[in-house]
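This is the structure, below, for whatever I ask next.
Labels run A, B, C, D and E following the written order; every chain starts at residue 1.
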Amino acid sequence: MKHHLILLMAAKLMIPPILLFALYVQFHGDYGPGGGFQAGVIFASAFILYGLVFGLDELRRVAPLSAVTKLMAAGWGLYIGVGYAGVATGGMFLDYGRLSSDPIAGQHTGIFLVELGVGMAVASTMLAIYQCFAAHQSRELTDDEW
Amino acid sequence: MLAAGVISVLGAMVLALVRLFLGPSTYDRVLAVNMFGTKVILLIAIFGFLTGRPDFLDIALAYAMINFISTIAILKFAGYYKITEPMTRPPASSTIPARRPG
Amino acid sequence: MVNAFTSSIGHFNYWASVLLMTSGIYIVLSRGNLIKKIIGLNLFQVSVFMLFISMGKVTGGTAPILTGRHEIFSNPLPHVLILTAIVVGVATTAIGLALVVRIKYAYGTIEEDEILALDLAREQMDARAQ
Amino acid sequence: MIRQHLAILQVMLPMLCAPLCVFARRPVIAWLIATAATLFALAGSFILFAQALNAGVISYHLGGWAPPWGIEFRLDAANSFVLIIVSLVGAVCMIYGRDSIPREIKSSDQPLFYTMMMLCFSGMLGVTSTGDAFNLFVFLEIFSLSSYVLVAMGAGSDRRALTAAFTYLLLGTIGATFFVIGLGFIYVLTGTLNMADIAVRIAGMSGSGTLHVGFAFIIVGIGLKLAIFPLHLWLPNAYTHAPSVVTALLAGTSTKVALYALLRMLYTVFSPDLPFEALILHYLFLPLGLTAVFVASIIALFQSDVKRLLAWSSIAQSGYFLLGVSFANIGGLTATLVHMFNHAIMKSSLFLAVGCVVYRTGSCSVASFRGLGQKMPWTMSAFVIGGLSMIGVPATVGFVSKWYLVLAALERGWWPVAFAIVAGSLLALFYFGRVIEAAYLQPSPENSAVTEAPVSMLAPLWALTISCLALGINSELTVSTARAAAEALLAPHAGLPAHMGP
Amino acid sequence: MIIRIQNLFPVVMLSGAFSLLSAALFVSMDAVDVAFTEAAVGAGIATVLYLSAISLTGAIEKPPSGSRAIPLLVMTGLAAMLLYGTADMPAYGDANAPAHIHLMPEYITGTRTQIGIPNIVSSILASYRGFDTLGETGVIFTAGAGVLLLLRRGRPRRELANQGGNE
């Protein structure tokens, strides 16, 4: 006998659209409101919803903390890496103009990569923070602590 | 027409806030917060049309999702006192403790 | 009189955010509960964001996304700064709450005066031990 | 190519090492990465200083955008001088940390701990290098957030580290937010965030309330980070309970970076006319500085914990900085900068020496110093030299800074202030005397088996101690560097591109 | 209201609502990107974080003790200063404020010609002031690593056992 069957089903139905929406915000950020940071938060909140409904153990199975930590470092590393790519292609640090033959296309590539790095870092950081807090829930609150 | 919509939504928001402040029980407040969130979404949608930039519906969409998630978080917290338990199990106590005046 | 009225409209947003800012600071200074302090800090920061965004608004302007149909845009630079500041705010909140949780473990309370009393008792114990 | 990009690599290499340390499987590898990065930064800062002296100003345009639109790194003699201080103390602390950190931090936490150290270090370098006011705030936050966590890492041995970190977080965030508010006011007036551009555009206006309030908020915000006298509440606890390496790093660098930011704001952004002529700020700084020196020194007299004693002494020293600034002449500024460098060396070496004592005895109360003169001769002699230097005994760097402060006071004709500086040193004699007396004249507790600290900790400690003596005897080097830095600070419009000129 | 309530649970809900409201305000002031972020962070992530922190530490706040004079004094001083400062500011929405005429036109045309994406906020964020955003990501990374350092290991038994004495 499952409790909250409706909620479980609703959450299951909601999570894929949220992830899809996060990707839309990520890649449509150049044209409308949005960008890496917002997309990262929405992406993470989909996982947080999953964790809320199905429990922390299940969330850990899907997104283990060690992997999340590495992703966090990788996201920021990607941003810095794009910066170094600017130096390597003969421009200044974070200069995207030479990432492609045409400066404007280069800017597009640079902004795309940078936003991707931000999105990765933010999503994984939020998830890591949530997992850290959730992992500590070991004590029962009594009624009069309310 | 749209302006009238904005005004009525604002009125509804004020009413929701009143319930939020007074709300004797937690349920009242949760409902009020959720309704307040819904009204904000509506407000943004109408406002987008009012200023001629309907492409901002994106934001309203995002709000709807966030509002859903935070309401679930609040409710889960109210029912279980903690956020790790999977919701496939029954809550720790089946009733939300009565609000004390505060 | 009329002049004062228009200028008060012109600065209303600033005043509102100043009010919020001061109440945020008031919470931080006057409340003993550490989580409440962090909430106050958050309120303070959000009101600063409002101040900034008010500075960026241009009458008749629209959101700074090029469409080809609009010519006047609000100033996007404060928006950029505030995006960064929001991120900084949430980072501070996260670390602050993590510290609060650790303090709760270590002291068993998150009320400032109780923590101070515990620390004082310990210092007196140390002094006696020497 | 590296020379051309050195200004940015100096900051970004340590910053890249932060995520790299996360991937390190063993703490030693993380330590190696971190130490290599600090040594690179040290070498880089010396080269940059030489370049800045030659070229006047090094301007690095990030992203290839010209300054008022893009962010620039703007290095002159003043910031590259501060860069040297930061990277020197950072490198010494990292080498020292090889044996000290495993004692205080669990091995599974160490890679992340080194990540934090790197973030803190590169954040400080960034604050120092940047020429953009908002970018300064961003780096200030990286450095502050990581230092809150680093201070809290002392919780392994004492839970009070947590409350110390929390207070630090509250006040630090309020300070940073004040800085942002001030920045917003200035932005409304000028429409720019580039420091040099702000300076040019502010120069013409005066008497605007927005300008004054913006200025006040910026100064108070930085003052909270700098722990100038009434805003120092977070500092003693934070320094006392943090791990030894962290304390040495923060004591040696963080207040120096904040001081640099203050000087940059006072002299470059609000070219000296506004702070010192329109608002006569020196009449505020002078009493604050004097109170800081005396009150903090007297509180230090009554401390039973050596780290806390040194922390109060740091607050007293920030009073000396303020005094130097309040003289509002080039002599005072030079004295402040000389003292900044010297204080970084002395205070770090003192905290490192205390770290050695903690390493062996596990405590840093004055009582636990009893008899250490015989048991740990090298550590304690380094401590004594550091202490003498803080007092201002001739042939140490402390004497040099006091000397120039007194000279600057006399240059202004402020006899009582000069006298007060000497009296403040006398107080330092008393509080250091207590510790030294315990170490050399009191017998050690009987069953103590304390031995000398390992060489890997003594070597960096003595490197600082020797430079403390060498630069005290031959003061020409620091003083001439500091004078160049002071001149750079007082020449705000040097080296501006044509479209930004006044 | 947020100041007064001593039970923290409604306070958290209220601050979530406040955050949504301020996000709506941001939309009305044309700051759509900021509104997006504020809603996602303030109403979503921050609420969840506060709730989990409260469920760890208890939700009842002790009634405030001590004098209110000093906070009130600081508060009035601050308010007076800020009002004095804002009094000289250009009026809300003034298109001729220095902030809107100094660098802004170049950013707007530059976004068209040099970068070629419609969202000016994105172009400033990621390209003109890309280094700030690098730092911002660094701040987030710092927070993540910091929380990991502070909370990664489970509940520390030792701290409980000797209540934080020196070892």
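Simple rule for what comes next: contacts are C-beta pairs under 8 Å (C-beta built on N, C-alpha and C of every residue); 3 or more make two chains touch, one makes a residue touch a chain.
Owing to the predicted nature of the structure, the values given are computational and were not obtained by experimental measurement.
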{"item": "Partner chains shared by subunit A and subunit C (touch criterion as defined above)", "value": "B, D, E"}
{"item": "Contact pairs, highest-scoring chain pair", "value": "C-E"}
{"item": "Chain of greatest Cα-centre distance to subunit E", "value": "D"}
{"item": "Where subunit A and subunit B are represented by their mean Cα positions, the distance between them in whole Å", "value": "24"}
{"item": "Intercentroid distance (Cα basis), subunit D paired with subunit B, Å", "value": "47"}
{"item": "CA centroid of subunit A to CA centroid of subunit E, Å", "value": "19"}
{"item": "Junction residues of subunit B, two or more chains touched", "value": "55-56, 58-59, 62, 66, 69, 73, 81-83, 100"}
{"item": "In subunit D, residues with contacts to at least two other chains", "value": "15, 18-19, 22, 62-63, 134, 138, 141, 145, 148-149, 152, 155, 159-160, 181, 187-188"}
{"item": "Shared-contact residues (touching 2 or more other chains) in subunit A", "value": "25, 31-34, 37-38, 42, 45, 48, 52, 69, 72-73, 76, 80, 83, 93-94, 96, 122, 129, 132-137, 141, 146"}
{"item": "In contact (per the touch rule at the top): chain pairs", "value": "A-B, A-C, A-D, A-E, B-C, B-E, C-D, C-E, D-E"}
{"item": "Touching residues on subunit A, where the partner in the complex is subunit C", "value": "31-33, 37, 122, 129, 132-133, 136"}
{"item": "Subunit E-facing residues of subunit C, complex", "value": "6-7, 9-15, 18-19, 21-23, 25-27, 29-33, 35-36, 39-40, 42-43, 46, 49-50, 53-67, 72-84, 86-95, 97-102, 104-107, 110-111, 113, 122"}
{"item": "Subunit D-touching residues of subunit C, taken from the complex the two chains share", "value": "21, 25, 28, 34, 37, 41, 44-45, 48, 51-52, 55, 77-78, 81, 84-85, 88, 91-92, 95-96, 99-100, 102-103, 106-107, 115, 119, 122, 126-127, 130"}
{"item": "List of subunit D residues in touch with subunit A within their complex", "value": "1, 5, 8, 12, 15-16, 18-20, 22-23, 60-64"}
{"item": "Parts of subunit D lying in touch with subunit C, wherever the complex brings them together", "value": "134, 138, 141, 145, 148-149, 152, 155, 159-160, 162-163, 165-166, 169-170, 173-174, 176-177, 180-181, 184, 187-188, 193, 304, 365, 367"}
